[in-house]
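Shared between the two complexes below is chain A, which pairs with chain B and chain C, respectively.
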Partner chain A sequence: MADMKIGAYVCQGCGLGERLDTKALTLVAQKEGKAHVVREHEFLCNSQGVAMIQKDIDEGVNRVVIGACSRRAKAEAFNFENVAVSRVNLREQVIWSQPAAEEARELTQEMAADYMRMGCAEAKKIVAPTPNPEHGTNKRILVVGGGVTGMTAALEAARAGYEVLLVEKAGTLGGYMAKLHKRIPYREPFADPQATGVEAMAAAVTQDPRITVFLNSTTTRTSGAPGRFSVDITAESGGTKTENVGAIVMASGFTPYDATKLPEFGYGKSQNVVDQAGLEALARAAAARGEPMRRPSDGKEIKSVVFVQCAGQRDATGTHLKYCSGHCCNTSMKQAMYFKEQNPDIDTAIIYTDLRTPGNGEDFYRSAQRKGVIFTKGKVAQVEVGGNGSATVHFHDLILDDKAATMSGVDLVVLATGQVPNSGVNIDIPPDAQDIDGVKAGEHAVSVLNLTYRQGPDIPQLKYGFTDSHFICFPYETRRTGIYAAGPVRRPMDIAQAVEDATGAALKAIQAVENAGLGRAAHPRSGDLSFPTFRREGCTQCKRCTVECPFGAIDEDEQRYPQFNEGRCRRCGTCMGACPVRVISFENYSVDSVGSQIKAIDVPDEFSEKPRILLLACENDAYPALDMAGVSGHTSSAFIRPVPVRCLGSVNMIWITDALNSGYDGVMLMGCRHGDEYQCHFVKGSELANYRMSKIDDTLKNLNLEKDRVRLLEVAIAAIARVPELINDYAAKIQEIGMSPFKGF
Partner chain B sequence: MADVVATHETIVVVGGGISGMTAAVEAAETGKNVILLERAPSLGGRVNQLYKYFPKLCHPTCGMEINLRRLRGNKRIRVLTQAEVLKVEGRAGDYKISVTLHPRYVNDHCTACGACGEAVATEIPNPFDYGMSRMKAAYLPSLMAYPQRYVIDPSILGTPDAEKAREACKYGAVDLDMKPETITLTAGAVVWATGWRPYDAAKIQPYGYDRFDNVITSVEFERLSDPRGPTGGRIVRPSDGKEAKNVAFIQCAGSRDRNHLKHCSRICCMASLKQTTYMRERFGDEAQSTIYYIDIRAIDRFEDFYQKVQADSTVRFVKSKVANITEDEATGDVILHGVDTEGYHRYDNRHDLCVLAVGMEPSADAKAIAGVAVDASGFIELGPTDGGIFGAGCAANALDVNRSVQSATASVLRAVQVVNRVAKAEG
Partner chain C sequence: MGDINTAMAEQYRNNFLKEVEANVEEGQWVKMCMQCGVCSGSCPLGPAWEHPPQEIFMMIRAGRREEVLKSESMWMCTSCYNCIVRCPRELPITHIMHGLANYAHRLGLAPKMNPTRRFAKMFWNNLTKSGRVNEIELSVGLYFMDGFKTGIARAWAMKDIGLGMLKTRRLNPFGFVSHKGCKDKKGIHRMLKKAREIEDRRKGFAA
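Showing the complex of A and B:
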């Protein structure tokens, strides 16, 4: 890049001109910030203001400092190409956060001047990022799993023009769907079971020229990054083929919960107790023979069937599955209808605690009632099967509050067991760990993807084996960029939902290959072209970055140095925060770019009674909350000096020690909730920051400083009134413990 | 808006709530040009009016901040607000969409400095708070409003207030001469994400929503609980401002009922469970929440949330479809009458406030659009494969947020398939 030439601009609009001495601010930028060009403008975001800046850029300005409103406002106006832009938040976080009274003017001006210094300091240390030259450009999509989810993902991606490889471990396509007699209706009138259509779907996959199917095969090795994954596909017979793909849809499906764990319901003791999969098998076999279903034990005519809902599910004790699998109420109704179709006189009773048929499932429920299916609200305690093959179901009738209710003479009992995700190895727990909520940790621990990633062979899980994601707002974002989970591996679901889910996951996979080809980041910093680089000669091979990256982006090379896979990186900067020797940086965000801002401010001497408090604020939650506090007219201490950070995970401890060493009186960190219900949009960043900060006491002790010199707070974006209170409380605390002894050193 | 360039490869997204915003950014990040149309003056839709999301109890504005940043930074997305779709004609790969752009009376010079709002005296009901609060007739729709630009309500046009707003603006942003404008957009595919509206609770006559002050809807309760809301987050009764510590939640208010909505609206059980946590947050052990339900539909991992709420001693569950509500005129209390079907006890239960967990119905009539299949409840079904208009989110089904996002993302692929086909044909 050519010589650095900073242009600094101060807006006088929105009251800035009245509340601040903008001329003085330009002088600060010029003298202290070393800006080459400084200008004031009465209305910077209008077309003349923007044109004025653009003209300077055309004449050589390559770093732009804009002292105006928040970076969250007027983003479109101040969107200049190919130059680094630093937004100085004089409006929301200076004049709107300070009282308008004349006596507040001095402190407000000092605040604004420091903000300008910080903006200029940042501008000096950042450049507009250019894409990583090593990005992958492979646009093929690998789908792992050939059930309805995988087949849908393959067909939909192919329909958009993309080449697909589909790997299925069984000898045929179809997965669990192929084992069904019929499916729950997904179209009006939602009244009767419908044909699954699985054969036609499998045929469409097989015949699609864009789809290559690998049957009896598994993915035995997966390495690389979006746009350049390399995958070994190994056939059962032994042959391995290595293929290159750009993105992966993981559609490995589910396994029905093992009903042998439910001996109290007679499973395994009598053939006349089956799970839902067993009933589908009976129905298919009977249909194939063109005969009615008969009692498995002795072939007798079936006259009475009982369906036990939530068998081994919704179990608060933790012995079995804790969650609800969602589809089973509809599935039992569908299966009851198989019998009603066979002979309307067959008694079918569904014993349930809450019937869960959301949406148009309600029509299906009414249809079942019309067909004479009996619904009994109760909790089944035990199923006894007598020597004659007839069962007695003991249950607590919740309507009559009869704890000793029974149904006897039952020919067939169907247990609605749940879905256990086939999510491979849980990389966060040791393989010999104990049962977790009814699922043995190691039980399904056959890796699905066999990733060569440093952090483990499969994608991280959140709870109950379901893959990790933001769940509410961003359900597809797994913690392995370019790999998207779909279907029951993500959460329990039926066919209709799996089809929808697979279609969405296919879009995300397509998006991943398109963006990888351009070197752009994926969610949540979509489009960011920067990527982490490290100074090899300074690295001590401590491995913290490779261990802590929430997205498993960093491997180790043969010499045990970190190997950044930029395509997998989400640009959160957690590696940068982790690095004890500070060798990791981004073009537009680095230890230096933030450190320089921290050091740029003017620290008054200890007799001034003007403390300085550094605030490192998550740019997605705490920082917007501060903006909105200003918009809402909440005032807060003028001693605060905020720096937005990509994530608290990116906070390098050196920033805190540097701040304290250079005379700041306190440091606040504001980040998002962590743990099971985490809100951190980089998943682990906030948690890691908490962990690192738990050790700050030693640092403070070494500096001979009070514990309260650093404060870490959990702040949500909606904490609009709370954020100023937290700041003011802390400012009061600092006043109480007194000024830092490090002033002027 | 002559600068809107649309081609046969453009995807038009109708509706700027969570589903529409998701569809727009996902499509744009896949490299497609998108026009996002929103009827209101700002994006965000109904989720922006929620205090918290279940099951994490996090705030909708958090995800919205990310989506807005994605959207602001993406030059492939063009956002048109106050845009009302009049007509969609054509076929997959070649749609003509007539859109009326209603005047905001504020142009893009607006800096959201707030001077016009201060100048204007007239107050109007605030739709963001479902009319439970009033706001100036020159207003920013919400703190998270995008575009971040004020709106002049047409009711003050021609009054001195309008002139005051114009004079207060130093930037020439108030333009009282703006006129509605009708434009025609070309698009290859359309994602229809017009969302839902709460079922009209007044239609459930036995519950007296239209007669009793202290019978409110679940969406109103969200605003009441929100510190940004009309009461600053104080949960109080509309009749007398008294704290409502004893609250009844009635499930399936309008849903699962052939006289009203025949479908189950899916979200209401979780919404009420969530709202009991607002009660605990506000009143601690003094809170009393009673949920009257038929079935608690806390599906998949949400079951954890249900179990957590069940463990809360301040929350009681009564399996019952409430028969009717009466009001004690002296106190303003509401009295719920019915039969607890677990054991068949009659009850006449007194509460400070009753919250109707109202159902979800599609907010726009999609039947009028040719080539779109709509079910009996008005939700868009996945049409024949040669169509190019795709339902997303609650326009397609009664969905919670994560399923809406899933649906929106899926609808984008369907739209991408169409425009990619067009691109190939156009070479």
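Showing the complex of A and C:
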């Protein structure tokens, strides 16, 4: 850019003035960094300091380099409009991470000088981002699913003033909740089953002027991005309506696990063995008749009921559901109480291996005990139903260690089966792949959203069919921006939890439409205006960006080029890290903006005994941990040169080869944990980085370099003491293997 | 009394639990146990019990009537109250143990030769006879309850404590001949008889 004008400022506050030769740093910025204006200030973040910078900006400075504290501090003070700002972290990561002793002064100053060089190099390559003019502005919210989750989300969004479209597959609202006799108590004293209130809720939805309900309908095509989704809503009768919405809440609920897969418990062999859903049906039918529940097989009076917990759940053998559905212990207690209400003399026994009654369920458990429900820790082996309709339950009593324990003369057996999420198609399984039973995985799955996204028609799943969300930090998020999963499709849950979930998802949907309307990113870079673009002429149509984007943001245009949908993009840069020809970039973050920082530093020669180690640190966890290490007074090697990256996924291999080629002695990468218990803020970024790095050995071999020249580490944000240790360990390792032979080329 | 004694408790039904609730001191708490095992782990004698408290509670719920009532286990309780202090469900475990022992005894199901039961009986008779414990008679009775030879050996082992008690006048050496009962012996006997009647009525032992 012809009229680039850099202003570089060095702060003397917070001890910087005493520990560093700030004058020398401004000279580095001027001579090597080619800064047009350089200034020192005794407290750069105070109003005079800021005014000084602003004055220069008014007079033509359009790139600002601030040599002061971490970019994570004083963000409001150093917030200048329409100029690119590069923050040079002299405080946390230079003076606070180095010993204050006089002997350390030289190395500390060298470190600070390199940081200034890097800041100036970055400033040259970035511009202040402006929002994509094509962002969508539709603020309507689509809710898919009319059960308690969907109805709550709709009501909450409507109450906040947003227009809602609610699509329900069935002919009535209510979903599974409408099939319940009563619900687990959600109010003090948590002692008795409570009315579901489903009719009132459905009426509220139907009467709300802001909510439009589509019954007997499904979403048959969903395209677009936050703020500009286009959705086909198809009625059972055949008619299709296309609607535009800004965000989507997917509340598609669950299906009870198929109890016919449990013949050992007598399901399907006798009417007197039911699942929890079956018992609700009995209770509702009896209540409608105003009569007590009777034995389904012969209408006899019920005197004894046994509940089998974890039926087909928490199964380690791999035959049934592996997980716990969370609500079923409370549900069985609730159902046992139906019988105690009917007649306190009915014997009700709950056979469990672990009773799990989270939250206020403890009070409910006590209440069930008080009512005389018998709890027995045991594992049921078999349920036999005799010709007279009475069942015998064989189980292993785990407290009395009685393997042949039995309950006989049981009139009704209730199986606590689990929740299977209605999450549609698992897009990570190729449609023709077969599972163990030889069933084609894609065959029986029916898509919920029918997304036209290139990565597949539904939102990605984490485990067991539940949709992926960032469990630690952003539970309501999915890997499709602007689409929020809520309720048992996200994780197993009961009504109270689903209500909470739905409220959270409604709020996220509102945020999404508001952000989209301003062209801003959703979390974790919320508010970010930058978005990826690619240089069409350079693209080889390799599709790597399209495939690797954790959020499915990239489609394909008619000419088979990648088509970025900035509204769906989280600005992680994973596509940028993936692109083999390096044509993807952001206005303020690019292969070049980081690459030139790497090349800007001064690499002393082989005999100086001053190695240089590049540290590419994830800005979400590793970089804050480095800052905190400085704040907490941990010192670490003065040979480290850190560059914050948006995500390890954004690391392009060229940075590493370039660093090694230009004489760095080692490269460290610090990112979040990957795998099943990932903590990566961009879900797949650190995983992809790990995968890409697994191939680095070949590169190192080609360069004739040792394996240890590159090290990838996982750190959490709390690893404040560990991060300096990791750095020092690595510095020691580099000392051990010796200096890089690539210096001075 | 006979029909309770022979009533067949059905497995994992509420019959025996209800019987315990009606007849055992603090028995209504048994259903509230959540089987955490803290009591068994806290009991200093736990490892010596055949069925520690947690298990006893489960056995009651499982309807193992005979096994529970004939057990030596609850007779092991020394009333240290460790379990009560720690039980997260606040069951008065100690009291239930004594209640069960007492109920089993009254049903005639308690193990005949259980030493705790025998001593408890001895103590009760000794105390109620005069309204005040006759130390010498009680200790001699205890030491010699299993015969003359063991009695001599036990008395010899305890001789130092015995002499110490004599010296501090905690033991009347002439108790056999001149034990001083309490003043209103008849009144005490009347009171005990009345208490017994009330309890019998409450627990279903009334004639």
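Convention: the second predicted complex is superposed on the first by the 728 of 745 C-alpha atoms of A that agree within 3 Å, B and C clash if a C-alpha of one lies under 4 Å from a C-alpha of the other, contacts with A are read in each partner's own complex, and residues count from 1 in each chain.
Throughout what follows, contacts are C-beta pairs under 8 Å (C-beta built on N, C-alpha and C of every residue); 3 or more make two chains touch, one makes a residue touch a chain.
Computed from a predicted structure; not experimentally measured.
With chain A as the common reference for superposition, the partners chain B and chain C occupy clashing space. In the superposed model, A:45 makes contact with chain B only, not with chain C. In the superposition on chain A, contact is made by A:304 with chain C only, not with chain B. Comparing chain B with chain C, the partner in contact with more residues of chain A is B. By the touch criterion defined above, A:399 lies against chain B and chain C together after alignment on the C-alpha atoms of chain A.
When both complexes are overlaid on chain A, the residue A:347 reaches chain C alone and has no touch with chain B. Superposing on chain A, the segment of chain B with clashing C-alpha atoms against chain C, chosen from 62-70, 134-142, 224-232 or 314-322, turns out to be 314-322.
Across the superposed pair, chain B and chain C both touch chain A at residues 355, 366, 377, 399-400. Listed in rising order, the residues of chain A touching chain C in the complex are 304, 345, 347, 349, 355, 365-366, 369-370, 372, 374-377, 397, 399-400, 402, 405-409.
Chain B contributes residues 18, 25-26, 29-31, 51, 53, 55-59, 61-63, 65-67, 69-70, 72-74, 109, 111-114, 143-144, 148, 170-171, 227-228, 256, 262-266, 295-304, 307, 319, 341-344, 375-377, 379, 381, 397-399, 401-403, 405-410, 412-414, 416-417, 420-421, 424 to its touches with chain A in the complex. In the complex of the two chains, the chain A residues touching chain B come out as 13-15, 43, 45-46, 69, 72-76, 79, 156-157, 159-161, 187-188, 314, 316, 322-326, 354-363, 366, 377, 398-401, 463-464, 466, 470-476, 491-493, 497, 500-501, 503-508, 510-511, 514-515, 523-524, 526-527, 620-621, 624, 628, 631-632, 672-673, 677, 679, 681, 716-718, 720-721.
Of all residues in chain C, those touching chain A in their complex are 10-14, 17, 31-32, 34-35, 54-55, 58-59, 61-62, 64, 89.
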